[in-house]
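First, the structure itself, so that you have it in front of you.
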Amino acid sequence: MLELQDIHTYYGESHILHGVSLKVQKGKMSVLLGRNGMGKTTTIHSVIGFSPSKTGKILLDNREIQSKTSFQIAKSGIGLVPQGRRVFSNLTVKENLLTTARSSKSGSWTLEKIYELFPRLKEREKSMGGNLSGGEQQMISIGRALMTNPEVLLLDEPSEGLSPIMVREVMMIIKKLKEEGLSMLMVEQNLSMALALADHVYILNKGYVVFDGTPEELKLDSEVKSKYLALTS
Amino acid sequence: MDILGVQLVNGLSYGLLLFVITSGLALVFGVMGVLNLAHGSLYMLGAYIAFTITNSAFSNFWLALIAAPILVAVISLIVEVGLLRTTYHLGHLSQVLLTFGLAYVFHDLAHWIWGTNVLSLAVPASLSGSVSVFNQTFPVYRLAVIAIGLIIAVILWVIQEKTRWGAIIRAGLSDKEMISGLGVNIKLVFTSVFIFGGVLAGFGGVVAAPILGIFPGMEFQTLILALVVLVIGGLGSIAGTFIASILIGLLETFSRFLLPELSLFLPFAVMALILVVKPKGLLGKVA
Amino acid sequence: VSDTETAAESDGETLKIGALLPASGVYASLGKNLANGMELYFESVNWEVEGKKIEIVYEDTEVDPQVALRKARKLMDQDKVNILTGPVSTAVAYAIRDEVESKKVPLLVSHAGGNDLTRSKRSDYIWRSSFSSWQIGHSLGQWAYDNVGDKLYIAAADYAFGHEVADAFKEAYESAGGTIVEEVFPPLGNNDYASYLTKMNSADADGVYAFFAGSDAVRFVQQYEQYGLKGKVPLIGSGWLVSEDVRGSQGTSGEGINASIFWDYNLDTPENQEFVKAYEAKYNERPSLESLEGYDAARIIVEAVKSLKGDLSSSDNIVKAISEVSFTSPRGPIQFDQETHHIIQNMYIIETEVKDGKTENKVIETIENVQDPGK
Amino acid sequence: MESVLTVEKIGKSFGGLEILKDISFDVKKGERIGIIGGNGAGKTTLFNIIAGDLEASKGNIFYQGKNVMNVPNYKRVCRGMVRTFQKNNLLNELSVLDNLLLVLQRKAGVENTWFKPLSKPHFSEIYESASSLLERWNLTDRRDTLVKNLSYGEQRQIEILLGVALEPNVLLLDEPTAGMSNAETKYILDLLNRLPEDLTILIIEHDLDVIFGVSDKVIVLNNGEVLVQGEPSLIKTDPRVTEMYIGKEEVI
Amino acid sequence: MSIVTEILILGIFALSLNILVGYTGLVSLGHAAFFGVGAYTAGYISKTFSTNLFLTFAAAILAAILVSAVIGFFCTKLSGFYFLMLTLAFSQMIYSLVHQWTSVTGGTNGLSGISKPTLIAGIDFSNSFALYFLILVIFLLIYFSLKRFLSSPLGKILVGIRENETRMKSMGYNTMFYKNLAFVIAGGLGGAAGCLYTYFNSFVSPSDVYWTMSGSVLIMVLVGGAGTMLGPVLGAAFIVILETIISSYIDLWMLIIGTIFILFVIFAPKGIVGITSGLFSQQSFRKKLNPSLVKIKELKREN
């Protein structure tokens, strides 16, 4: 569904991604792991066009999208839950959800369904986005992306700031979304969540893909785990 | 008693004239975060173009009222796409400086094209008469201005509060990158808003010209007043701009009537007072 | 502006005139007309006097005295002009006064009319060929009492010049026996007179004396009509209320205004007819008051240099020569008051009337040889 | 042990919405308090009030025995009460080192020097402590990077670093490890446990490993009220906490 | 010579505004108020009381400091555009005061015929070289003191406030105090510049207090390079030279200056200093608290 081929991305002079290649199969979840500052967000940003890659190809449904601008990429069916939430602080909760909403054949998310999912948001419907708590903002961020009814969803640390009970809730949704055929690329620090959901795992280190395999393979590879994820057990 | 009544109508008419002039500035600022110091210049161009049209073969005020704003919109389009767009990533101060430079450029262009004489725009016969208000002669045109101001206020309020457009635009103000990442062509939206701001400025120029006149430097005079109105109302609030326009209109009218020596001082004093008491203006959103 | 080709230094073969005139800002059109007037006269003498080539170096004063001062310094230090002329704004004239005096460069003031320039700020090097605010205001006082009534309302733009004109008028009017019911001073560049007019309308006055110029004059006179005062309360004032540059924009609203001024387009003298004809032939537009001022200033300079036989070596001699110039100008006979350094000239009372849908001024009375008291 | 911070009947409403209702608790010197609670329970709001960044609608805060309700936020910092933010709040256009120097010059009490350049020769102690801090936090190679050019997780670390560098008496940490990778989270956990014993810490976290790794006592907020407070072992097994906050263990 | 003197004076003025705009991140459009207060104070005292250099200079600075303390008290409570507009409002109020208080200020005509300052009885600065050197010495003193001040810990606090005021509070800084301090220092130096301008011109005009003056000095700072020491001085030089030269040759000089601004904004947003530093060094400049590469805190609508 989504494929990155040999992506090189720069911030000004500094070379951040060194030939990243990865794939997301239709209806599957690929997870991107790695320590802080290794280039995970940069990868996501390369896909959505915030920091376009200098060389390499990005294919969505076999169509090249790397030279398009962000709004075109998003419109061609990619949804984004960014790192740090980035809710529109001067819009109400409801406006945050509705403003960029789009309908499409691939999804059927509506305001009611989002409210059902996050009852907290309904309670805060008229509050300004900027006044919400961290976790509430994360819910908006997820809801907002779903409301664009994408075919591919990019999730950059969706569990950040969510309480354990909400994390579990979000996991359930993601599972359901997969079943409905949505393809996803997720960056996640919460390992148990990541591994429970992933169909495929990539590990980034300093802009290089250093592991490419299934969660099971990763569980067995203790060297990779300790070296790149600082997991001892 | 009668004289107070007439002054009240004077104040309303002047206030709504201010609103017509300021609305475009308020819209562009509220929506794009661009403090368009060339707004006064677009206003001036509207007036001068209207003058040229009414003094051409067509010689028709109503044609000028439609054509001048359209021409100003074209100029706005060129400004936004050709210049402003290249500076959005540099922060808002850059746009202030850029539009300030533009104001200079437009000033001399007008000087060059239309010369330095004082010009005036004749009102069509249907609006040029006078009627009696509170037993005093009152120009019909000023009553028409009240109506025009109210219509524009309603249109803007609907656009900003009742359509998704308004929300998209405000979202763009909060995080431009993110809104495009969600599939909105924010550049196009910004261009349209700027053009619409230009239309309002040009329209304001035509409507104001019969009252305020057309002369070199008119744009700076208007700009300062418009900025005062904008700030008193609270940045980004159309309703606030509306209230502030009427407030300043009444204030100026009555201060000229009662305390003429202070009329230069008062608008600024009121602005300072309001900012000290309500740091975000009358209806500005509180942080 | 044309004619700025620089003859590197003042070589003794050219008469270099530094013209400090606004080319931008609100007074730009006055500056342009002054320049046109000067050039018209110099052209009539082929840009030459006593074998010297005449050259004008223009500097834009904008509306900022500080800028003007900078430009005046440049004209004196760098261009080494023989004579300075110009300022439109009185503030500019005051700003450059000390600099001019300390550098001993003759300044022939061709517009700025603030009283003090030929009173407390008088300088050996400064002579004025235009007018003073006293002349403008004072000249209408007696006439107003005789012809309008004994209760008047005064409205004048709120700046030094407006106050001076209003005061001079008041002085003359009151000594004639009239009373001023109220004075109001709207800010310079005020954009809407509605409030003032409404108040005037209900005041108990026989007429209104107004001093406004430029865009203020256009709006004031137009709105005077719109608010129903025209024809009801007589409007009188200074000539700028209905001068050549504003009447076109006023439509017919200026009809019936009486004003006092030192020149009018329709002044019926051979000198004036000749001037008007020459001006219209060259520029294809009517001369304004400022065109006349420029024209006269140019002639004064030429006459002075003639009497010096072209000897420009001493600025004291130039000043002396200027002070002795007298001739019959399009505005009538003029000469300098040796005491005040200010011009003695006729003042005219004009009336604005409608002809073929346009307004024209008509001279209805002449007050001869008006001399500023100098105090 | 003496109590260093007392929260007394704190309440807060926004508009008509009551966000905090009569929150009271007491913190002894050197205690490590974990604060947990569902999203929007009011944890950050409580911190804002304790730190003086937000006015309470009612109630009192006592710090070191004195009522500090009328003490402005910066003065509370000077008296040793320091907070970090849930949302990164740094001097983005300055380098990591400059962020740190601004903290350290204040700590050293030289911030009002006005005629001596802030440079190594003049203020060597400050530069040295900056270097050693950066060294310890493994950030030496990030020293001259502008903060805005750091990754999200790296910025989180600076956020904590600036708080710790002030060597406070009371440290309020708002979700310090959110967005940090496992390795860094572990490091922070170690670090917190190695901080001086008499330092009082209040920490908000959703990562229960961190909470239970540092806290002596846990306070659970729910809908603006204290649901329970007590020993970590007690909290872990409290059925209300499981129901409201942790959720049932389910196999996915 | 006279043009250099003028550049030095306006350079001081621009440097003073730069403390606010470039370092503290407070974009003021009312700085002419202090320039005017300094200029009028010096002028009025010279005309009515004494022309003593130290007396007039000290009085001008003191008056400017007092006025800026009052105005600053209100203005520093605001930020962004509201700050900008409030400074504008106050300066316009001072302008109308100057305009109306004719007995002291001379109204629209300004104060003219002001004598040059005297050092001690008999020794004065009526010689333009002497005056030039006096101004040069004052300029150098101010320039180097300011440079040292801004690189001191206290100066860095201002930069911190520009970047993130809430964070500075959380570090324990009383930001309100420092903002007021910056405002007063900037006002005092602005007054000093105004005083020198009076010495130089022997004349004070209301246009010195008008918002266009605030606008041009802001442009000097931004075109030169805000947040740097050299920038404002270069900006002052650039604008003064440009205005003097261009307007001598062309009527439409506003068109030229406007176009140049626009080119600066688009192609050299960091001003003249930004261009030159780009040429001379790429790496070393990125380090340290070097504000030249730091964007001015955005005039953002706070939400």
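Here the chain labels run A, B, C, D and E in written order, and each chain numbers its own residues starting at 1.
In this text, contacts are C-beta pairs under 8 Å (C-beta built on N, C-alpha and C of every residue); 3 or more make two chains touch, one makes a residue touch a chain.
If you're wondering where the values come from, they're calculated on a predicted model, not measured in any experiment.
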item: Most distant chain from subunit B, judged by the mean position of its C-alpha atoms; value: D
item: Centroid-based (C-alpha) most distant chain relative to subunit A; value: C
item: Where subunit A and subunit E are represented by their mean Cα positions, the distance between them in whole Å; value: 50
item: Distance between chain centroids, defined by C-alpha means - subunit C, subunit D (Å); value: 74
item: Approximate Å spacing (C-alpha centroids) for the pair subunit A, subunit D; value: 28
item: Subunit A and subunit B, separation of their C-alpha mean positions in angstrom; value: 44
item: Contacts with 2+ other chains: residues of subunit B; value: 108, 111, 173-174, 261, 264, 285
item: Where subunit E touches two or more other chains at once, by residue number; value: 99, 251, 253-254, 295, 303
item: Complex contacts: residues of subunit E adjacent to subunit C; value: 2-3, 6, 99, 102, 106-110, 112-113, 197, 201-203, 205-208, 212, 243-244, 247-249, 251, 253-254
item: Touching residues (chain side subunit D, partner subunit E) in the complex; value: 51, 53, 72-75, 77-78, 82-83, 85, 89-95, 98, 101-103, 105-106, 110-119, 123, 144, 146, 162, 166
item: Contacting residues of subunit C [partner subunit E, same complex]; value: 1, 4, 23-24, 59-60, 62-67, 69-71, 73-74, 77, 90-91, 94-95, 97-99, 114, 116, 121, 158-161, 163, 188
item: Complex contact set, residues of subunit D against subunit A; value: 14, 36-41, 43-45, 86-88, 149-154, 156-157, 175, 178-186, 206, 208, 244-247, 250, 252
item: Subunit B - residues contacting subunit A, complex; value: 164, 167-168, 170-171, 173-175, 177-186, 285
